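Below you will find the structure I want to go over with you.
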Amino acid sequence: MAGKTNKRETEEKTDFVRPSGRNYDELRPVIIKPDYLDYADGSAYIEMGKTKVVAAATVEDKVPQFLKGTGSGWITAEYSMLPRSTEKRTPRERAVGKISGRTQEIQRLIGRALRASTDLGLLGERTIIIDCDVIQADGGTRTASVNAGCIALAICFKNMLERGQIDTFPLKHLVAAVSVGIVQKKQLLDLDYLEDSQAEVDMNVVQVDNGHLVEVQATGEKIAFSRTELARLLKLADKGIEEIFKIQRSVLRKLHPVFVAF
Amino acid sequence: MAGKTNKRETEEKTDFVRPSGRNYDELRPVIIKPDYLDYADGSAYIEMGKTKVVAAATVEDKVPQFLKGTGSGWITAEYSMLPRSTEKRTPRERAVGKISGRTQEIQRLIGRALRASTDLGLLGERTIIIDCDVIQADGGTRTASVNAGCIALAICFKNMLERGQIDTFPLKHLVAAVSVGIVQKKQLLDLDYLEDSQAEVDMNVVQVDNGHLVEVQATGEKIAFSRTELARLLKLADKGIEEIFKIQRSVLRKLHPVFVAF
Amino acid sequence: MAGKTNKRETEEKTDFVRPSGRNYDELRPVIIKPDYLDYADGSAYIEMGKTKVVAAATVEDKVPQFLKGTGSGWITAEYSMLPRSTEKRTPRERAVGKISGRTQEIQRLIGRALRASTDLGLLGERTIIIDCDVIQADGGTRTASVNAGCIALAICFKNMLERGQIDTFPLKHLVAAVSVGIVQKKQLLDLDYLEDSQAEVDMNVVQVDNGHLVEVQATGEKIAFSRTELARLLKLADKGIEEIFKIQRSVLRKLHPVFVAF
Amino acid sequence: MAGKTNKRETEEKTDFVRPSGRNYDELRPVIIKPDYLDYADGSAYIEMGKTKVVAAATVEDKVPQFLKGTGSGWITAEYSMLPRSTEKRTPRERAVGKISGRTQEIQRLIGRALRASTDLGLLGERTIIIDCDVIQADGGTRTASVNAGCIALAICFKNMLERGQIDTFPLKHLVAAVSVGIVQKKQLLDLDYLEDSQAEVDMNVVQVDNGHLVEVQATGEKIAFSRTELARLLKLADKGIEEIFKIQRSVLRKLHPVFVAF
Amino acid sequence: MAGKTNKRETEEKTDFVRPSGRNYDELRPVIIKPDYLDYADGSAYIEMGKTKVVAAATVEDKVPQFLKGTGSGWITAEYSMLPRSTEKRTPRERAVGKISGRTQEIQRLIGRALRASTDLGLLGERTIIIDCDVIQADGGTRTASVNAGCIALAICFKNMLERGQIDTFPLKHLVAAVSVGIVQKKQLLDLDYLEDSQAEVDMNVVQVDNGHLVEVQATGEKIAFSRTELARLLKLADKGIEEIFKIQRSVLRKLHPVFVAF
Amino acid sequence: MAGKTNKRETEEKTDFVRPSGRNYDELRPVIIKPDYLDYADGSAYIEMGKTKVVAAATVEDKVPQFLKGTGSGWITAEYSMLPRSTEKRTPRERAVGKISGRTQEIQRLIGRALRASTDLGLLGERTIIIDCDVIQADGGTRTASVNAGCIALAICFKNMLERGQIDTFPLKHLVAAVSVGIVQKKQLLDLDYLEDSQAEVDMNVVQVDNGHLVEVQATGEKIAFSRTELARLLKLADKGIEEIFKIQRSVLRKLHPVFVAF
């Protein structure tokens, strides 16, 4: 089996051409519109290629049971797709009567990413809910949700500061995410749906802006993968995430002086 | 009680000024973007003031039980609000575990309006689902959904024609809807949320483009209303609906020659 | 299309004969038995032809969240059909696991009708639940529910007065409802199931006893309808509702002196 | 402990007087109205004192999975209480979102009783659903349901014979049920709610009309009971059940000659 | 019918041989392992032949609504089967979305049995939950649950005494249960699944250790049964239950001196 | 932040002593009992310290929709914890009415791990369900489930071979899993509950027996982690997993010659 693996690793440059014509280490065009909604406590709209997500922050004056009396806050995320965000219509989860494992997995990932970037002790006993609603889905909706969620959260914190709800800006780091994977033996950055659906290895990486990792989820959908492959995919992800950080910074700095620190 | 009522009817010109500064018979600005989504069989985005709705059509090759074997089709609607479409966050219905009466009422209204405008016999045994998802809600989301749903449906029918799924364009009429109501004794067209929440009488009117009515729902939330008041509200609604028909026509005619007939 | 419509309106006298042999403006026989149940705080049984409904009032010492601290009360309704109230057995909603849109629509209609007839400020922070259970369904169950619900509510208020829970009788008006519709181009009062299932236009009207309207719900199931047709149907409904008020008054006045005012 | 028990058994004649003034071995007045509903395939209304139940039979042309292909039929029962059948309002199970253990226990009991009385092989692959809906509940609703259900079923079988659905009358025996119990050390027949709620031992007995037992459910709610007490309660139940058989027979024989055999 | 019945009663010694080779009045081998779990407040594992159940006690500092303020406690049971405890896999009830009638019936039986053996007034306002989880099911899981539940409860009470939560040992009696039935006309003790699935009469008996009955549930699945048969089955059950009491006593006495009283 | 991180990485040898006294790279004692259940198509019981799991395989002759007609099979997993497997009782998910995100995440992980180790094309259109039920939970239940699930699956395949359901043994690799993490800056193998609940970084690794990775899930619960830390944790996991493979091999080889290949 080792021989077979080596073969795969050395043959990495296959004939595979990305459907979009992108280079293997090229992100899709990223557009972020901050303050997209009138009523949310913070919001952002993101496009990563055809993938389109609205993220909205809501401040609630309560915390989960295990935080009561600690003075500390919490961040949680909800994720949903419009039924016709997808090529084939996806029935609403309210109709099916239960939240799918995929949805729950994604919600938990987004929540962890945003909590890891925040000093929860500065929030007081409040919960920030980040609603991520997918208008259109072409792969990478969970990573787009993290990327937009970070902006919605940053704006929400700015508004809380202005309202006097908090004294110190609680976001420690920008946080961003990207998917990488192996498709037809080729390592690719930012998979779209067509690529994702045929990936041999699928991986989501979440990082904060000092280069450290918050979450690594790598899955061999069809084949097992070596430690070397894992390392290469992590490097590819790092490249994409640094580009997203630049866009996030640019959007935030235009918005308000408090974001200049990022 | 009659005296009191007459008083109300004659005193119609109260000091009440609309929060938006609009005239009593003035629609909010209406913007319709057709073909808003890449994957739907037909779609439209509508803004009526701050109210923003995405409507998406999906063709499914099956019909409800009672239509099987009849050769006839069906149109149904689903309606949902993004949690932070509202001033205060509305929990997702999937979380609550049931679809509210309000949602069901709205879905049924949209479905009836679109079915009444269509020759269902021309569809073959297919169901068109119209998904109406509210991005932002400032009153009148159900009527905005009908207005955008009509465009999504028209585009869907055009696409079905082009694919050869149907032979004849099945939309008999454009259909549009608007809300009217009595607020502080004043009869108003196209209520926003602030007006709607204090309305004494609340009414939704759906019409087809020959001036006939498809649906009238009038409710005395706080007071009962006279037949004269009902007639005046119907007239106000007619004015607004005719303006919406103009916008719908303009949007469709730019899109494709098949729509010139409307 | 206008020509076609005029034709319908003038040809109103079709060959259509009502299955029951009733005149077009004739109610089915109405029987109301007050105080039908031993344990309810107020109750009534109604027969409108073969349609049979039991309405029961329950006083609860709590109000919905939005009324807490206001000193004001609330009235709400629940509606259900026995499984074999219908020609074909209707599965119980508890088995299906959700309340249908139809049920919710009806519950909301009954609740609004009864609230519009009551001075809720006189109730104190109490909720009156009106349970409407359909023993047999031959069309018009929602209007029968309003008619019986009004009696159950009136008796409930009398009992609350006698127990000293309230000081003033809170029912401002009797309230009654009836369905009207267009069947085979003929305008009919009080549709039974056979008529209702083939109606072109279906309409439910709720009025209070000063002649004002509380609710108008008109739906063009198969055709759109003109403003003239709407006005005629409203007039037909008025005739039927006035006859129901007479029966309600007669039942209540026999029961207790407090009801003489109606 | 034996001493204590003997004491209870010998002291059986306590001062306890039944709230209704009935003798310890006296049934409440029993009224059965056959053919109570217009649409059911068989129905009966029963009063046992203030307890009032409507039973309705429905024939469905399908059987549970385990009977498919056997040519044999099935009988099942559904039981529900109107919310205000009770002194304190009982929320609808559809609202609670699950069927209570009590309801399920009762449904299963009724189903077993009726199946035990029927030659299921004569039904063909059909299921008879017996809906038992409690209009008013004053104890003994499950036994009243069995008693009315037997009549509804018998009428249903008669109708099936007349329609030619079956050739032979499938009811082998009349079946009836009654509750017995020990209240304040006194053994009582046909407990009403007040008695039932304070019973030390509670027992439901179902018999067919040859004197044999179909079901015995005896529960020591507060105390354990001896084999002697069990035997005495069974005898008391037998007396009551024989009286119910007389009423069932009388009702059926008036209805149709086919029932003379019972 | 009487003749037929007598025949059955006299012909009791049929050719029927138990699949396990057991004598008609022979229990399966019973093994009880006390303190099976590390974290429960009391626990026991039981094997009755191939039937294997884990019972675990949990003390919660709250009581059902109707006991609040009374100073008295409560015991309740939950019952579940591992999906592959059975010959054919049983889907999890969480997947089906509702608790089956069978499960509820069993839970209620276990709860009543344990409450009947306990002086609930000595518990304080606490609830003991007895979780009975079936690892393998070969008939008699509900009676095995009672038998293991009694040991888990006794150990739980010992631990509560040691922690000073209670002053007096609240278990009044050991309680045990066994199934009996009639299979191919033969009366059998402790039915395994093969026997149970073809039983004509099925019966569960719960007794306390003074010989009195707590629960008798006898069901004629295929035939009705006579009072004589009922009495004989009760006697057979008594024999089995006394043997279980011996095993329970032996297990408890080895565990702790407090159990010597039993 | 880099300085702080370097500090952590160099200071790795903290004073932290594992509660169990284990070395940092030491597994808990692992016991695997194959063929634990009588009725399953394959089963295993595993203990990893106090963590105890039963895994049971079931063969069903159907596949998910997307595999119909492909000739290929599927493997899926269900995971559940007995309520009192934990220190504090965990309510049953059937009672809560929904499957938690944690449960779904775990089920999906187990399913992917087992599918990655199997040649699904050899199964025919069959689904293997692996039920993992946690008898006692002291951390690492998902990795224990993978480890036992692999054995249950292997035995199931052996039985399918013997029954002639399949021709070729479909398990390509043994698969095993272990958790690693950083607790008080110390990198640890096989965390128990006490360690897991205070871990700064938590990671689950699944490997097949050629050393390749199937799944890596690393989460910075409290801190972000560097690529170097990730690599070290992967190495620690590799050590543990190789030890588990030895135990799995030993168990299987004793059971049947077909397993000698592993």
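To keep things simple, chains are lettered A, B, C, D, E and F as they appear, and every chain counts its residues starting from 1.
In the analysis below, a residue touches a chain if its C-beta (ideal position, glycine included) is under 8 Å from a C-beta of that chain, and two chains touch if they have at least 3 such contacts.
Since this is a predicted model, take the numbers as computed values, not measurements.
Shared contact partners of chain B and chain C do not exist in this assembly. Number of steps on the shortest path from chain B to chain E, with steps defined by chain touch: 3. Repeating the B-C interface with over half of its contact pairs identical by residue number, the matching pair from A-F, A-B or E-F is A-F. Just to note, of E-F and A-F, the chains joined by more C-beta pairs in contact are A-F. We define each chain's centre as the mean of its Cα atoms; on that basis chain B and chain F are separated by 53 Å. Chain C and chain D have CA centres that are 35 Å apart. Averaged Cα coordinates give chain D a centre that lies 27 Å from the centre of chain E.
In chain E, 97-99 are the positions where the chain touches two or more neighbouring chains simultaneously. Taking chain D first and chain E second, the full cyclic order of the chains is D, E, F, A, B, C.
Remark: chain E residues 37-40, 43, 50, 54, 56-58, 60, 78, 80, 82-87, 89, 92-95, 97-99, 129, 131, 133, 135-136 touch chain F in the complex. Residues 1-2, 5, 98-101, 104-105, 107-108, 112, 116, 173, 207-208, 210-227, 230-231, 234 of chain E touch chain D in their complex.
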